[in-house]
Structure formats: C-alpha cells, structure tokens
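Have a look at these structures, which come just after this line.
Two complexes are shown next, each including subunit A; its partner changes from subunit B in the first to subunit C in the second.
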Partner chain A sequence: MSGGSFQLIYVIGLLIVAYLIGSYREKRHYQSIIKREHALNSLPAVNLKTAPKGHFQHELVMGNVTISVDYFKRFLALLHAFFGGPITSYETLLDRSRREALLRMKEMAKEKHAALVLNVKYETVSIFKGSGKSIGSVEVLAYGTALIPSSQAVASNVATTTQ
Partner chain B sequence: MNSYHNPQPKEGINTSHAHPLVTFIKLFSVITVVLVVSAWLFGRSGAWLASLIPYQQEVSISELYEKPEAIDPDYQAIQDYLESIVSGLEANMDLPEGMHISIHYESEKVENAYATLGGHIFIYRGLLEILPNENSLAMLLAHEMAHVKLRHPIRAAGQNIAIQTGIKYLLGYSNSDLLGQAGLYTQLHFSRSMESAADKEGLEGVYKLYRTVSGATELFDTLHKISVKNGSDDTSPFFSTHPLDEKRIKDLKQVVDDESLSSDFEAKGLPEGFANWL
Partner chain C sequence: MDITNLESMPGKKIVKHLGLVQGSSVRAKHAGRDLLSSIKNLFGGELTSYTELLQESREEAMDRMLQQAKSVEANAILNVRFSTSSITQGAAEIYVYGTAVQLEATE
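This part shows the complex of A and B:
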C-alpha cells in the first residue's frame, strides 16, 4: 500500500472515530446541561445592574469551563472556512460552553444561598490553536454578582467558618 | 424576587439544525470539484506558459541546481557506448538548433530511465540488463530524447509548479520557493499523450538510424510482458511512470503500418562485453 493511500485511510479512520465519539459525548453533555438547567431555574441569573430593594450581601460568583472540539468538527470547520458563512460545526461547542459556564456560576451562587445573580457577563477565548491555526479548545467564563439575603448570608458564613 | 425568571431556553436556537454528516458530504463534494477543476486549469496554464520558455533558458535554470555527478572511470565504456548511440540519434531526430542531450549512466539495480530538464537523460543498470539488443536500447534512448525534443520536461515542471502553487494559494498557504519544490533534477511525470508522442517521435528517429523497426517495437512488448508477469507486485519506477497498456503498443504498431516502416533488417546485437561494462 502506498504512503498516500495509507494517509488517506488514516485520516478517514480518524474522522469516523472522532465523529462517533464526539457525537456521543456531545449528546451526553447536552442531557446533563438540560437536566441541571431545570434544577437551577429557580435561581435567576440576569444582566441587570440595579439590585432590587432589600438587604443583601453582594458576592462575586463565577463559572469557568474549557471544552475541546473533536477532530471531525475541526475538519468540517476547515471546509466551512473555504466557502465562508456560519461555521455550524463550532456552534454546539460554543453553545455547550456558555451554558455549562452559566450552570457552574449558578451552582456556586446556590452554594452561597443566593436569591439572584445580577450583571451576568461572559468572556470567551480560544486557548489552543490546532494545525492550520484552527480553533481547538475554547474557554468560557461566566461571572456575575450574587445577591445573598442577609439572613442567608449569616447562615452561609457560619457554615463556612465551622467547616 | 418573583419578577426575575430564567425560563428554560428552547433547544436549537443557537445551533444549526443541519446534520453534520450531511454538511460534511455537501462541502467535501463541492470543494473536491473546485480543487480538481482548479488543478486542471492551473496545470494546463502552467504547462502552456512553461513551453514558451526558450530551451537555452531551461538549460540555465537547470544549471542553477545540483548537477549530475562526474563519470566514474569504471563506467567509461558504457558511457562512451551510450553517447555514441545518442549522437547517432541526435543526427536523425531533427533536434532544434542548440539542443544537446546529456546521457548519464547510473549503476543501480533499478529498472528505470527518464528525461529531465536541460536535456539530461538518466538510464539505470537494472533496465539495461533486460534489453535484448542495441535497437531496443536505441528506442529507449530515442523515446527519452523525444521527450526533450518535444519540451515535455519543462511542460511537466511548469504544470507541477502551477498546480502546487495554485492550490496552496487557493487553500491559504503560500511559498515563494517555487523552483525548490519542483525538484528540477528529479523524475517528472508525463501524461499518456506525451508518452505516445515520444514513442512515435522516437520510433521515427530509430528507423532513420537503423533503417528497420526490428528491436524497437519489441522493446515495449518485452517491457509489457515483464510488467504483466510481475502483476500488481510490480513496483518498478519505469512502469509507474511509463504506463505500458496494450493501446499504447497498438498505437505504436499503427505508426509502423501508416508510415510503412520496414522490419526487413534484423536488430543489431549488443556489443561483446556489454554485460561487463555495467
């Protein structure tokens, strides 16, 4: 078998394996995201900057995630780059990253018994460039100001001190 | 806090509904067609532009790169013999003025011979060992000389450079070292039509020199039989660059019939001690 044929089979094999494993992991991740979103819907996170009336303690909360795209999607993105237009293969990567980061931020706020998270913002950055400078992994940080009712804040501080 | 809500987002708003495999097949098919058509256009344009380069300029370009090694005194006899045949063919092939052929013998067990830029022809021991007579050897050399006469090496090099450069620019890569990549002293691949044209031109040259096609037409029969015998295991470089299908042999025999080339005289044998010269 010539070197060219071997390389072609190797690339096709990698694409198939990457597609199957990548699709399975993505499906599992979405299932987890939807389940946790339902559980945390009672804790609103909004981008308003003004706090409602009442006595609250304010704390910074954040959720951070780094997710890598699979070989198949990276290859597909290269094809998209040739013709232009939306890079659909990266859409799920960013969608999952933002939702996961927000969930982690909410989980942190919930631990602090927060009633609301205000001024929510995202920071997105690609932290690894693959071959051909194509995006390999993205890091998404979601952060905001948690509003913790004063009575809960006291309880939370007591719990933290006694740990 | 009742005025703040985070409703569950509807799935599929921020992601495309297209199945990734369908997208992949569509994009891959279109890009393959674009690249194949572009490569064909680049290749044709490159070959045409390269054919406009004067031969003396081609020689100057080839001299900028690595030159063939000096002749080993142990192989002076075979070198002289090859040069004598080339000289006879040069006089009978109507080469353009200023075109000179340089023959180079390579003592390696490789069944190969090829013509490259600047009028250089390389022939290997492995191929010489299987040739039955001088006419077959002359036909082999005449075939390679015909490539030079018809400017096939510069056309093939131009085609290669144009395809490599064009595709790289199309895909967003660039490299200014165009000639460095082309490998001027390496084997160039000629198209099937180039091979057929070189067969015809070579056969006419051999006929003018020996007044017979005996041995010349046998060359391709002999090589074809070896190729068929070796089957798919055949990895000979000569066969990979000189496809010996039956159509090509038939075309060559058609040239013999059309031009009424005689085979009355027998092929001239190889000189005594030929095997010891290799």
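This part shows the complex of A and C:
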C-alpha cells in the first residue's frame, strides 16, 4: 500500500517538475525565435521555384533541429488522445521545431551572403518514440536553394579558399 | 559541383541527363548520450546530440551522393530531396537523392 502511494507521489512530483521546467524552456525558446525571426526578416525564404533575373550562384542550404516535448505535455496528450480533439500540447512542439529549423537555414544562408532562399521544403520525422504510441520528439529539416549575388559569391569563395 | 533543389539552373542548359544519384546513411548514438537524451526528454527542449547526429549523417549521405555523381561525370545535381525515416528508437536513416546532369553555359 505504501509502495503504491510512493509511486503516485513520484509520478505527480515528476509531472510538476516537468511542467515547470518544460514551460519555462518553451517560453525562453519562443522569445529567442521571435527575436531572431525579426533580425532575419530581410532575408526572404519562399517556396517558389523560379529564380529572379540576374547573376546568382546557387547553393543548397539547410537547417535542422530535434526538439522533445516534456513529460507533462506527453501526459496531457495521452488524455487528449483518449477524449479526442486537437492535441494542443503537440502543436506548439511542431510550431517551434519548424520555425527553429527555418531560422537555422536562414542563418546558414546569411553566412553565405545570400539574397534569397528559393524552393524551401520541410521534412519532419518523429525519432524518439515514448511509451506506446506517443511521440517523444521530432526532428525537422528545412532546406532550400540560396541565391548568392555573383560579386558576393566571388568574395566568399576567396574567403573559403584562403582559410 | 552544383547542388540545388531547383529543377533548372538559370543561364545554363542541361546537355545530358545522367539519371538518379543517391546516398543514404543510418546512424545511432552511443548508449551514454542516449541515456542523457532520455533524461532531457523528460523536461523537453532541444536534444542537441540528436541534432548533431542527424546533421552528421546527412553530410555523409550527401557525400555518398556526390561520389556517385562524380563517377558518372556529372557537373551538377538538380532537384535534390531529403528524406528521413526512423527505424528503431535512437537510430534514423537519412536518404538524399537527386538528378545528375551535365550543364553547359548558354551564353
């Protein structure tokens, strides 16, 4: 009997700790995403396929991220799955992952002095399955073709060969 | 070697199609880091070791695709696509494929 109540306390304690740490980290992550998105607004990433006129060097850029959901949210998702309806706790996970992956792709493009990223594609996979059918974490890859204005391309090529 | 996920290269025309080239890589993390990740998994947030793992294997897959493209004497790979699938817990397969072509400047 006492073993059972100890286990219950353990699970509830873990849920509370996971909730506190998880939501704090999510809040911080969102703040950093919004800040960096603002800074990278000048570099558009689109999923059009036709390049604008002009001389550009093309280069593949990508960004990936693996984010996991905390224990509390996984518990919530289990309840949601039982009663049906939208699982909001996973929606933020996927939203964060996609935005972070796109940001990392943009950062890579910025390093190469790109003016535009074309044909952006996302690739999502759940890599860390929790107990049962619940998803533990997802990996998102964002990739596209960076268009680098020719004069910049020459400069960055020189920089990489001299390194 | 030009690698792009567009279907054509402006200012250049395709003179020869050399078929599909591909590369794949399956990787797993060693048990110690896997254990750390599962602790992190409780509290949410980024699993850096997995981000790195998948990045490394993506690079390897791309390398293999490049090698294949070189062996058929291509000078560009067009319409590159990535695909990822989880095989078991802690391991993922990365697959990269594209069309190998020979390009020539039009002007």
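The rule is simple: the second predicted complex is superposed on the first by the 162 of 163 C-alpha atoms of A that agree within 3 Å, B and C clash if a C-alpha of one lies under 4 Å from a C-alpha of the other, contacts with A are read in each partner's own complex, and residues count from 1 in each chain.
Everything that follows uses one rule, which is that contacts are C-beta pairs under 8 Å (C-beta built on N, C-alpha and C of every residue); 3 or more make two chains touch, one makes a residue touch a chain.
Being a predicted model, the structure only gives us computed values, none of them experimental.
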item: First (subunit B), second (subunit C), both or neither touched by A:65; value: second
item: Touched subunit A residues, subunit B compared with subunit C; value: C
item: First (subunit B), second (subunit C), both or neither touched by A:89; value: first
item: Partner chain in contact with A:116 - subunit B first, subunit C second, else both or neither; value: first
item: Partner chain in contact with A:73 - subunit B first, subunit C second, else both or neither; value: both
item: Which superposed partner A:36 touches (first subunit B, second subunit C, both, neither); value: neither
item: Which superposed partner A:56 touches (first subunit B, second subunit C, both, neither); value: second
item: First (subunit B), second (subunit C), both or neither touched by A:44; value: first
item: Residues of subunit A at both interfaces, subunit B in one complex, subunit C in the other; value: 73
item: Subunit A-facing residues of subunit B, complex; value: 1, 3-9, 11, 14-16, 18, 20-21, 23-24, 27-28, 30-31, 171
item: Residues of subunit C that touch subunit A when the two form their complex; value: 2-7, 9-11, 37-38, 40-48, 50-51, 54-55, 58, 80-86, 89-90, 92
item: Subunit A residues touching subunit C - in the complex, by the definition given at the top; value: 14, 17-18, 21-22, 25-26, 29, 49, 51, 55-56, 58-60, 62, 64-71, 73, 100, 118-119, 121, 123, 125-130, 136-137, 139, 141, 143-145
item: Complex contact set, residues of subunit A against subunit B; value: 19, 23, 34, 37-38, 40-41, 43-46, 52, 72-73, 75-76, 79-80, 82-83, 86, 88-89, 91-92, 94-95, 99, 115-116
